[in-house]
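Two complexes are shown next, each including chain A; its partner changes from chain B in the first to chain C in the second.
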Partner chain A sequence: MKRLLGVALGILTAIGGFVDIGDLVTNAVVGSRFGMSLIWVVGVGVIGICLYADMSGRVAAVSGRATFEVIRERLGPRAGLANLGASFFINLMTVTAEIGGIALALQLVTSVHHLLWIPLAAFAVWLVIWRVRFKIMENVAGLLGLCLVVFGVALFLLNPDWGQLAGQALAPAVPQTENAAVYWFYAIALFGAAMTPYEVFFFSSGAVEEGWKTKDLVQSRINVLAGFPLGGMLSVAIAGCAAVVLLPAGIEVTSLSQIVLPVAEAGGKLALAFALVGILAATFGAALETTLSSGYTLAQFFGWSWGKFRSPVRAARFHLSMIVCLLVALAVLATGADPILITEYSVVFSAVALPLTYLPILIVANDPQYMGTNVNSRTINVAANIYLLIILAASLCAIPLMIITGAGA
Partner chain B sequence: MILTDVLGSRVYGPDATYLGRVADARFVLDQPPPGQLLAGARLQGLIVSPHSAGSFMGYERNNVNRPWPWAQLLKWWHRGSFLVLWADIKVMGPETVTLREGFSAHDPGLEGAGTA
Partner chain C sequence: MNRPQHTPARLEPAPPTSGRVLDAQLHLLDRQVIDVDGLPVTTVDDLELEGVEADIPIAAGAAAPVISALLSGPVLGTRIFGGRPPSSRLIRLTWKDVSAVDVTIRLGVRSESLAESWVERWIRDKIITRIPGGKHDPH
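Take a look at the complex of A and B:
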């Protein structure tokens, strides 16, 4: 019974924890501009993150080494440092976006300007990382994030033309109002939002934090294979709501209030309250995960002691680096930079950096010295190689498309 | 001198022929530990790769040939690599490494399963 509860809790946490500010913004933007015609990318991204998380979780559980320990060991100091630089920079951008997202959600609740909420949001993130136990932190944020199910409920309440939505989703085509370059730019953005590297840094480091062993592999696989696809459904619902309400009205998403507009229209104040709690939990949870990921990547690369299972005094550099990251995020947001815009860039750069961490994990997941009998099966290797091609294509095309389309303008 | 200074250095034979670059260093943990939580590592030798100073991603140590095609690609890239023992190194400078007369080039693979 206890084991069953553990599995259920793991799945629910994975669902609630899947969505972050990147998914919220990108899915709503894409829904409002392309209807459901890009929704296939969410499916591609979800399968990709399942594969990637499964491999890195397995490596962490069997070898006890998290992602950046593996990268440092396999790539050597120089190539490893270049890899760390890129991954860390993009992660820091995501931290900034998530903290901005918390502040925007609080602004929606209170009508107090988001710039005033930013210091409080960053302080709260630090306090939770400093004080709260890993398991509690992860579960509370994930479970509250489940409030985002209200987007799915709203989609039903809006009573859309399901045939039309399914038609757009199943026979994707570039809408007449948009050109092909912009379509593919947003495809990459949506892919980057679903397959953000921090999810994997956090997942593999979390496996070490929670002391996973080989016997826990089944549970980890269930969490990933059930939780992430169901989390992906939340992304689809967000895009669906935008496609039904915002697209016909010609509203392009530039703020968080527009993302929740369809929910308010469909379900009134109560639904809106759920959506706001969900967004707050999702952004706060993701802010915790990204901030921790910045500490994890640095500490794992440089060989510092790390982890929330150690008291801060035993992992001083790990905690200090996270405080510095939060201060940098604060400084960026204090310039008045738009968190939504930062988010849009962060998901595209996530797609650019993905191959850097994906390939070393794929190689180590095949090394019997590390993995014993738990090496990748042939089927996983075929799928992982196909995804490597997709990831490389997305990574190489992202910046040229960004320049050609003026970042999707 | 730190290890980063040595990695990527050009390696020359005793007659000044160019042999490759230092791709990695091989340590053996057989010394008394210098302190708590520290391992007593001894430098066994350097791994020299004639074609690239880039990382082997671990493929020099064993005969793993998966995942296709990355394993094959990395092995091809580092074809002809060898391990040269510490005793065979004459000069270990910051830019170049020179080997002694009569040095022997060993297979860089680990015997048996090896330990990671």
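Take a look at the complex of A and C:
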């Protein structure tokens, strides 16, 4: 019974924890401009993240090595450092975006300008990382994030023309108002949002934090295979709401208030309250995950002591580096930079960095010295290699498409 | 199957020889070093060999060089960008302290006593201990 509850809790946490500010913004933007015609990318991204999150969790559970230790060991110091530089930079951008997201959500609730909320949001993130136990932190944020289900409910309440939505989703085509380059640019952004590298850093380091062993592999796999696709459904619902309400009205998504507009229209104040709690939990949870991930990547590359399962004095450099990251994020946001814009860039850069993260995981997941008999099966290797090609293509096209389209303008 | 009668069903593995072959690049460099309490100390940034001079070919029949220390610290920078730090700047972890080499390198001593961990100790004592709750054990 306890085991069953553990599985259920794991799945619910994975669903609620899947969506972050990147998914929220990108899905709403895409829904409002392309209807459901880009939704297939969410599916492609979810399968990819399932495949590689499962692999990194397996490596961590069997060998006790988290992703970035593996990256340094396999790529050596030079390529490893280049990888660290890119991953850390993108991660820091995501931290900034998530903290900005918390502040924007609080602004929606209180009408107090988001710049005033930013220091408080960053402090709260630090306090939770400093004091709260890993398990509690993960579960509370994940469960509250489930409030985002209200986007799905709203989609039903809006009573859309389902046939038309399904038609757009199943026979994707570039809308007449948009050109092909912009379509593919947003496809890559959506892919980057679904497969953000920090998810893998966090997932594998979390496995070490929680002391997973080989016997926990089944539960980890269930969490991933059930939780992530259901989390992906939330993304689809967000895009769906935008496609039904914002697209016909010609409203462009430039702030959080437009993202929640369809929910308010469909379900009134109560639904809006759920959406706001959900967005707050999702961005706060993701802020915790990304801040921890920046500490994890640095500590694992340089071999420092890390982990929330140790007291801060026993992982001093790890905690100090996270404090510095939060201060940098604060400094960037204090310039008045638009968090939504930072988010849009962060998902595209995530797409650029994807191969750096995923290739070493694939190599080590096939190394018997680490994995013993738990090396990848042939089926997983075939799928993983196909994904590596997709990831590589997305990564190579991201920057050129960004320049050609003026970042999707 | 036509197995001769006295052949055992499974062959015993060959008895271990006196040493183990370790590939420095594959099994030592860039591996995580963990102390006797399970606390991560550093990553192996470079190795120090004894019994071999740089740039001088080893004569045939000479004694094999041995690893004297695992190095860390500024040597990572020179390993990436080239050059060699002065010998006084190397942070050494003597090979005598190594107790096992596996997916990680384990030490038989506590990290507290090592030169390796001075930065960690400094940050701990000057910054982290001074923030309220820094000593709080999460479990």
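One rule holds in what follows: the second predicted complex is superposed on the first by the 409 of 409 C-alpha atoms of A that agree within 3 Å, B and C clash if a C-alpha of one lies under 4 Å from a C-alpha of the other, contacts with A are read in each partner's own complex, and residues count from 1 in each chain.
Throughout what follows, a contact is a pair of C-beta atoms (placed from the backbone, for glycine too) under 8 Å apart; a residue touches a chain by one contact, two chains touch by 3 or more.
None of the values given here were measured: they were computed from a predicted structure.
Overlaying the two complexes via chain A brings chain B and chain C into a clash.
Once the two complexes are overlaid on the shared chain, A:265 sits clear of chain B and of chain C alike. Of the two partner chains, chain B is the only one that A:384 touches; chain C does not reach it.
Contacts of A:317 after superposition: chain C is touched, whereas chain B is not reached. After overlaying the two complexes on the shared chain, residue contacts for A:309 are found with chain C alone; chain B is out of touch. By the touch criterion stated above, A:77 is placed in contact with chain B and with chain C alike.
Of the two partner chains placed by the overlay, neither chain B nor chain C lies in contact with A:178. When both complexes are overlaid on chain A, the residue A:69 reaches chain C alone and has no touch with chain B. A simple residue count on chain A separates chain B from chain C, and the partner touching more is C. In the superposition on chain A, A:216 contacts neither chain B nor chain C.
Using the contact criterion defined above for the overlaid structures, shared-chain residue A:366 touches chain B, although it does not reach chain C. Shared contact residues of chain A, touching chain B in one structure and chain C in the other: 63, 73, 76-78, 369-370. Interface residues of chain B, counted against chain A in their complex, comprise 3-4, 7-8, 24, 54-55, 57-58, 61-62, 64, 66-68, 70-71, 113-116. Those residues of chain A whose C-beta lies close enough to touch chain B in the complex are 63, 73-79, 359-360, 362-364, 366-370, 375-376, 381, 384-385.
By the touch criterion given at the top, residues 29-33, 39-45, 72, 76, 79-80, 103-104, 119-121, 123-124, 127-129, 131, 133-139 of chain C touch chain A in their complex.
Residues 63-65, 69, 72-73, 76-78, 80-81, 130-131, 133-134, 299, 301-306, 308-314, 316-317, 319-320, 369-370 of chain A are the ones touching chain C in the complex.
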